[in-house]
């Protein structure tokens, strides 16, 4: 006969308001095998835990059930307490009578009945539970950082400075990301490139950092402490070991009129190029789609002029496998475009703004490039259509953001601040110009942020209009902006020379595909999900993978850098240990009954199941059976449900446990 | 049309306007379909769809009237062709709402004392020309291309809005009228007011509103260099055509204060120097003209802003 | 009315009215976050004392009576621009329909009698003739609104152009129309429909 | 969702087999968001829907469940990469089998509820509960449990020669032969 203890928590009033906890405790006490039951105001508090420990000792309990909140909340807490009382922690379980009962039902009688049922089921689970010992695995003290924007750079530098090796993988030919594109940053208006490029150089020179640019993640295997990541190195057509970065190939390339992505398509670059002058590495890449040599087989100028002979048209994509113990994902964001979307896409374009066909309606990042000293206009604000200096500029906030009709319901967080910054930059550069801003709310929480916005209004004379724009169309060389001022209650019409849209921040293209490779979850917009919104904002639910920057949600630079350093700290915490303990929820094979059909092997997503030969003393093969590598097993239990002879079993979720629970229904 | 394919044929809901103030739309639609060898059979004993006034104050009545018409149309073979943009919008809206809302559907079925026919495909004339008959074939069938005719295609409010209901084209940037015009050999002009409201049914109760809104439309078309405007709605036609002279009187003379007294200074958008007459055509009139149908049988005599000088000028008469 | 102090309390906020509007229109009122895009694009906004966004705002505050007292709802052209462009899926055009219906039911405290009158005559015409009889509609409107000379010059011109018919024949199946009107009235009497 | 609780004549017993990562977390979210749903459901947590053996479902019906819900991560979102795909394939076959033996499939629901879909969890549970409530209790499988015992008894009554001595079974075997 088992001796189980049941502890029913009031959770202040959160549970006791709708569930009669005394009755639940009383009913639990009547279940055969329950040696002790009680209720208490806050089980998770220190006195609550002491109560549990005392009861274990006094009543010689061999299993513990805490009926309280979700195990996702406090399972660890109570297992620790049980362990302190000398019990195997896996013999402590939780019955969820808060999230699954008291919070979702109003009828007291029915909620109480349900709580009793939940306790009854879980008592059976405790009764059939087994003592388990945690599994230890070694930790590879080398980290992978995906994405070379400010988040990835910060995380890589922090981890490398702590003395660990880091592999930094960037999809584009250079690191730097969006921050390298910005002109000046809020709220201090310091030059973005001036603070960014030294960090980029630090990455290139750091002895602990291996930098792979123009590379992508192909495949991810393994688990926390022991990942094997296949990296695809896209053919650069330039041998990095030979190239000196002299740049003569770029000046001689006959194809020079390719819109430069770094300048949002407003500057030009040759077919062999570095994205921008301060690129790291300073090694060009050939854009094969636009290169005459690749398209027609004739040209070869760059190869001829290259002194060290670095240009290699035959170069192929190569792959390497990197062993790492932790992964930081820092893939960043892209900006929403108002273009017409392909049919079936959940994101709608803005037809009322001309679907991006009006040349002088640009997005915020394009304005950054126009304002940047290294940009296509040399820092002069000139509009794209005719190169004239615009005298009336209209800024529109929340384009795409906060618009569930367009498929995006969230606030993009950074636009209020960068629009205020844009009005200032514009006012500094065009003294006789006027900036207008259509906005709904000015969201400026942050140190020095609201003051910054007020400065744009009060000192830099930007006219803020609370209201949105319904439609814009071209009239002559002007753009007619039809908006409203809801405070006055009138329609507003402005003939603008240039319109700047603060378009929504979205996750990078392919964010979902990368998440599937990594086995991490993402929300409906493809932003990566943190393990807990408040208490685990950096960790993924998948152990050993951490998030940094805008790939998790819209963020400004300070927040991004903070999160990147936090992710680095998490990696260092992991690397501080040589071995890692993990949950012993893994499958085990009963070799006596296993017939070696290996149906389990076929369904195992982790490749944890191996074929094991059983031999007699003479060394003759008796039979082949399945063997589960406990370090690799993820613990999903698919093998157990698949096994025809029921000879594989998942610890913690055995058939015996589950059947006992069903019997108790 | 591939050989052996059945001849296109439609049931037809003209609507009240096409039997009265928009009679030339009806006449030209029939003439065009005849010229294209497409069948058109009027639904017998159809009722008014309720138009804007009905849904304005009584949605259930509006839905019921349209549902009744849809079930009357069930008795005639072929998809239901509709020319009037307002009727089209009401019929499509009814199908959309009743498919989505079971409660409303049940109420409507009580009101019309029978099942609501929600699956009869309702097609606008433009849709039939551009997609079912097909632009390529339309272009082939042209006998007298509308060479040199600069047309401002006017969609108005109801053809494409709201999203997901008429399913005719993109609700902010449609191209179906331009496509048809190009197929007919005409030149669609790019202009800003092709989807602005003309004032619609305020023509009876508040004509001042109509004058202001329609003026903006006419002005924009003139600025874009259009010779004429093409519409697909009898109400738009009425406002732009019948009231065109009145608009000119109200806005043309700088010292006109007739309407200014009523609505204040907002009415005066400044006098436009360009005061050309802009004939207003129905899409079917232009299409039939291009198909070589005699202009006498297109109801031009019913039009107030005489299109004949323009057509003569472009050698289309 | 416009600048009258707004007392807000459970008693003065008519939430029942708002719920009715939501039920009739099938659109949430609370969802609106007052961006003003509807008012920005509304062709009739300049004629309204409460621009469209404020109509929704007043509903959010439970101030339906302030809306009905004004003429804003009767100046909506049902062009659907607001509904089409609303970033938040508020079907303002349908809300306007619902408000007009409620005003109509209450026999219109609204000052905008011309539009109401035109609507009333239009619907009466349907009930009597099955289809629109435009000449009668126009004539009756002028008689009842007291604008005997309105569009005086237009009428004969339209008749001569064949655009207005002097006589109008009723639908053969006119009884069915009457049936629809009657059954709707009955449903409403029994409370089976709003 | 809120408001007065209506007393029903029949309160169905609904058993939900859910995975811990998505649906269990989604149900937690429904709780933290204070959404309301019928209290008829009893949740059994699994690491993954891939762990769920069809036998569990049969047993649940036998033990008095009137409706069973199986819910996990959306396809492609499995915490264990592919467990839910295996579950889906398994249950597709299992459903066909249940249908074949005459179980009304309206009593068995499969769905995807992610950790972010508290509202969907509420909808799914509410819908299934109301549907099963309208269908009434499900006695067939409970009877089956008794029949099972009866048939073991019948096996024991096979006489020494091996011949079957109950007319029903004899008829059944004959029809196969």
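When the chains are written out, they are named A, B, C and D in that same order, and each has its own residue count from 1.
Going forward, a residue touches a chain if its C-beta (ideal position, glycine included) is under 8 Å from a C-beta of that chain, and two chains touch if they have at least 3 such contacts.
For clarity, every value in this text was computed on a predicted model and none was experimentally measured.
Among the pairs A-B and A-D, the greater number of C-beta contacts is found at A-D. Each chain gets a centre from the mean of its Cα atoms; for chain A and chain B, those two points are 51 Å apart.
Rounded to whole angstrom units, the spacing between the C-alpha centres of chain B and chain D is 56. Distance from the chain A centre to the chain D centre is 35 Å, each centre being the mean of its Cα atoms. Counting only residues that touch two or more partner chains, chain C has 46, 81, 85.
Residue positions 171-172 of chain B are each in touch with at least two other chains.
Among the residues of chain A, those touching two or more other chains are numbered 352. Applying the touch definition to all chain combinations yields A-B, A-C, A-D, B-C.
Taken together, the chain B residues at the contact with chain C in this complex read 16-17, 19-23, 45-48, 50-61, 64-65, 68, 97, 101, 107, 110-113, 157-158, 161-163, 171-172, 196-197, 199-202, 204-207, 209, 213, 242, 263, 266, 301-304.
Contact residues of chain C toward chain A in the complex are 33-42, 45-46, 50-51, 53-54, 81, 85-89. Across the interface of their complex, chain A is touched by residues 170-173, 192, 223 of chain B.
Taken in their complex, chain A has these residues touching chain D: 70-72, 96, 98-101, 103-107, 110-111, 113-114, 117-118, 121, 516, 519, 521, 523-524, 529, 541-542, 585, 603, 605-606, 634-638, 640-642, 650, 652-653, 655, 658-659, 661-663, 665. Interface residues of chain A facing chain C in the complex, by the touch rule stated above, are 352, 398, 402-406, 440, 466-471, 482-486, 489-492.
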